[in-house]
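These are the structures in question, set out in turn.
Heads up, the next two complexes both have chain A, just with different partners, chain B and then chain C.
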Partner chain A sequence: MHEAELIILGAGPAGMAAAARAAGFGLSVLLLDEQPRPGGQIWREVGRAGPLRGDLLGRDYTDGARHVDRLDHPGISHLGGASVWQVDPAGEVAFTRNGAAQVARGRRILLANGALERPMPLPGWTLPGVMTAGAAQILLKASGIVAERAVLVGAGPLIYLVAAQMVRAGTPPLALVETQTLGDVLRAARHLPRALAGMGYLLKGLGLLRELRRAGVARFTGATSIAIEGTGRAEAVTFTTGNGPQRIACDTVLLHHGVVPNTQASRSMDLPHEWDDAQRSFRPVVDAWGRSAEPCVFIAGDGAGIAGAKAATLTGQLSALAIAHDLGALPEADRDLAARPLRAKLALETAARPFLDRAYPPCAQALAPADETIICRCEEVTAGTIRHQAALGCLGPNQTKSFCRAGMGPCQGRYCGLTVTELLSACHGRPQQATGAYRIRAPLKPVTLGELANLAES
Partner chain B sequence: MKPAFRDLAPDGPRVILRIDGHDMAMRDGANLAAEMLAAGIMPFRQTPVSGAPRGPFCMMGACFDCLVEIEGTTRQACLMEVTAGLDITLPKGRRDA
Partner chain C sequence: MESDYAIIGGGVVGLSVAWGLLRRGRSVTVIDGDDAGPRASRGNFGLVWVQSKGMKQPRYAQWSQTSAALWRGFAGELGDQTGIDLGLRQDGGYDLHFSEETLAETVAKYDVLKRELGGDYPFEVLGHNALRKEEPHIGPKVVGAILHRQDGHANPLRLLQALADGVRRAGGRVLTGRKVVAVDRGDGFAVACADGTRIRADRVVLSAGLGAAQLGPLLGFRAPVRPQRGQVLITEKLPPLINRPSLIARQVNEGGIQIGATNEEVGLDDGVTRKGLAQLAQEAVMAYPALARAQMVRSWGALRVLSPDGLPIYQESPTHPGAYLVTCHSGITLAAVHALRLPDWLERTPEAPDLEVFNETRFS
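And now, the complex of A and B:
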């Protein structure tokens, strides 16, 4: 049995910043993460990436190293390779590490689970060779491996970043097939005045686009009717633009149309979630300190609403302040004083978000996939099956799950949950909030019977 | 065919592991799914539902599409590190009960 005053789930930007801040107030912190080394997805393997990868990936990546360094504190115990499979709001966390199930007990829990790629069900998206753009970036960060003959498909700043990193690695993508239109960018323009406070992000984006233009990477925008072709593996992307139908032969297709909060752990505790229309996703309800409806459970970083890595380091610290105050390590006045600069920085960090959300809306075709498109990758259930179940009277995702197994496979609905909610919401003309989401139950990650049996004995 | 992924720095000590009975040399301690991609292994498995071929999708432990069998237990290759002597079987569709 591990014991700590604060247990943090996730060693990404929010979790690492919260751990360092809380330990600074004298709290004992147990930091659990599925990856062997800290960094999360955004700073994955930053501790051992080396100068070559650092140059390709840029300063926003290498900056993560100083957050990793701060974990070297006597109050912080970091356990890598720990797959958390149950979280109890009273403070008990069960996880598997090195093939052994273990339990940790804490007085406060901070969920810093980050984001998942928004599911992008398109024809052919289950073929080998189709990955998320985030996956390509992880391969580059963690392993120094880059996809050759790749096409990036979708919308959002991450596509430009991944493409630019591939250019720097000497392997430019064959093309960017983007789904946003000029109209989206124009409609987003009314959010520009506010976005100017977050000028740094806009300038970075323009810099990436310049880099891609100089490298001669082809860009198509306003793409519709996208499909991935191939027998046994991805062989080409087809789509339509204003200039008619297009086909690009390739080996790898990288999908991205935004990221969404990873709510598996917060859902498993039955915490209230709300639909965020601007980000087309659910997020857990938390107060300005990240405290959830369960007073001992906090949520920080992208898992509480997408705002990016820098914002996550700030919301992680805000939660750490509130937790330190809860546990008697920080007087209220000091907590509020310390929060002030964090909140000011957070306002700047999130200023460009409304503009970006509207300039790069989710791909319409993937929000309402054609009937024959697979939407549940695990159980191979199509959009048409969900619509059929809706016609038979299924109102919510838990009903379709019982009738057609969508969401019942090993990923537990991580990559179909939002799609099923959107499909049912559209079929019945009911809001997504009323349509609801999958009920998530432990174990959140596979655990063997042997591991469970050993836990009972120990 | 040529692997779809290029290794930017293919140096470092390698160890031998087995995949479907074939010995392969991979970088010690590296991410298993990444090393398999760099070695040109694709698909990783066939699904138990329809037998459709699959490979890694998310590389962050969420999608479960990179499942492989290691000494009798189904594991996510993207959450594993290469160690000497791993004995890996690529899942071939429906397991007969």
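And now, the complex of A and C:
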């Protein structure tokens, strides 16, 4: 049994910043992460790839190396390759590492599980050759591989960043097919005054767009009726814009329409969650320190609501301050004093968020997929099946799960959960909050029966 | 709203009864709850099972046997109506034993029951080697098994879905997302829901699982039911590995191996625990060592609906004639009798089964 005062799940921006800060107050920290090396998705492999590909990945990426370096502290034990499959609010965490199940016990738990890309169920999205833009970026970070003859489809700042990185790598995408409309941008404009405080993000976005224009990458906006065509693999993207139907032949399609909090661990503890209409997703309910309804469980970073990597380093530190105070390592006055500059920076970091959320809303077509579109990839369940179950009286996703297996596969419902909630919400005209979400149980990640059985003996 | 019957509770028990009544031309309104709440119908193990039941009450063993015998026709008719294959397999099932003593004790009890049933209790004892011929993956620690020919299994979620579909196809009305708050009696019954819905019916069947504990007294029932948690886990889909089901594990029609179940008195907590899951895994690996390499992909806890002696309760209300309490632990096994025989009892036909021993007055 591992013991630590603080167990952190996830070595991304929030988890690393929290670990360093907590260790600075003398706490023992166990940092568990699924990847072999720290960094999370945003700074994946930054220690190795930063020096190799820093130029094309950009400063925001290479900056991650500072946070990785701070983990080199005697109070921090980082276990990479640890796949956490159960967390309980009493402070025990079960995980598998090197083929053996182990248990760790902590006085506080910080969930820093980050975000997942919002699934984008469109006709043809399950064809080989289709992946998320985030997955393509991971390939670039980890292995330097760039997708050839690719079309980026969707909405949001990440699309511009990935496209620009592809340009810098010498393999520009064929086109950007964007779903946001001019109307979205105009509606978002009322959030611009506040967003000016977060000017850096807006300037960066404009810089990326300039870079794409100079490279001659075609951009289509307000795309509707999107479909990926191909027999056996993706061969083209078809869509409609104000100028009529379009077709772009390609080898790869990269989908992205935003990220959503990864709530699997917080859901597995039955913590309360609330629907965030601006971000069209659920997020766990936490206080200003990231403390959840379970007093010993904290949540920081994008897992508590999407705000980006820099904000995650701040919310991670805020949780570390509260935990240090809880455990007697930091007087209340010192905690509050240390929190002040973090909160000020956080206000700036999140200033542009309402503008971005409204300027790049999720793709409407993917939130209400056509009947024949598969929405649960593990069990190959279509949107039409979910609508049929709604007609049979299923009000929530746990009933449809029983009826048609959507959400029962190895992904544990990560990739269909929000879509099913949205479909049922639309069918019954009930709010997403009332419609609810999948009940998540162990294992959060698959574990073998042999590993599990060994825990019974020990 | 007028129906011959209002059925409170839209799980497998309530829907089976509803489907059976509709089949006889009765009009039915089923009142069901929302997505949350304990639903034994979503978490049960899926056995259509005879052995070990009614060791102290042969009538219960018989009732289970009657249902097991009716299951094939029931699954066929429901399947034809809805196009849903219930995954029924009735090739026998095992009670696996890890010690000669427990095996011998159980066989002795089965012999007594068999005599009480007039010999209709087709079981045989398989030693390790005989069992291994039937189940090549059985582990060396399994000393033997009782093979009962009347046992089998089905896909309980397909059953639930088919019943939900079949009841609607047969003209039943199903109201979901409702919470029953009162039942008034005057000219028939009026069932009032929290959202203001009122359902008028000549008769009421209370089949609300654990919910009967609160609702029962409104209708003059004691309804002494309590929750008992069972944790269950299931593996990734695997090629055929287990031939016949047992109380420890069964390979479901989709390929996953389902392993169960704990028996825990923990009130309404339907969570899973590491200890519970680890014990299930340990026992399953002992029974089928090849399972050590299989990945668990899901687990769940569900609450059994148990009466003090574990047997069903079928009771007409002494104070509210025309109101019936129907509750049991084995809603899957008994689905066929609930659909095909219980309506005779509700309708008081000459074919009505004798359910006297399942009266709740046995607990007074």
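One rule holds for everything that comes next: the second predicted complex is superposed on the first by the 455 of 458 C-alpha atoms of A that agree within 3 Å, B and C clash if a C-alpha of one lies under 4 Å from a C-alpha of the other, contacts with A are read in each partner's own complex, and residues count from 1 in each chain.
Everything that follows uses one rule, which is that a contact is a pair of C-beta atoms (placed from the backbone, for glycine too) under 8 Å apart; a residue touches a chain by one contact, two chains touch by 3 or more.
Please read these numbers as outputs of a predicted model, since none were measured by experiment.
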First, second, both or neither for A:Ala142, with chain B first and chain C second: first
Touching partner for A:Ala453 - first (chain B), second (chain C), both, neither: second
Contacts of A:Pro410 with chain B and chain C, given as first, second, both or neither: both
Chain A residues touched - chain C or chain B, whichever exceeds: B
A:Asn262 touches, of chain B and chain C: first, second, both or neither? first
Set intersection of chain A contacts, chain C complex versus chain B complex: 409-410, 446, 448
In the complex, chain C residues that touch chain A: 10, 32, 34-36, 41-42, 157, 160-161, 164-165, 168, 174, 176-177, 235-236, 254, 259, 271-272, 274-275, 277-279, 281-282, 284-285, 291-301
Contact set on chain A toward chain B in their complex: 34-36, 41, 50, 52-53, 56, 81, 83, 116-117, 126-132, 134-135, 138-139, 142-150, 169, 171, 232-233, 251-252, 262, 377-380, 409-411, 414-415, 445-446, 448
For the chain A and chain C complex, residues of the former touching the latter: 86, 88, 92, 94, 103, 270, 389, 392-399, 402-405, 408-410, 412, 435-436, 441-443, 446-450, 452-453, 455-457
Residue ranges of chain B in contact with chain A within the complex: 2, 4-9, 30-31, 34-35, 37-38, 42-44, 47, 49-50, 52-65, 67, 73-74, 79, 81
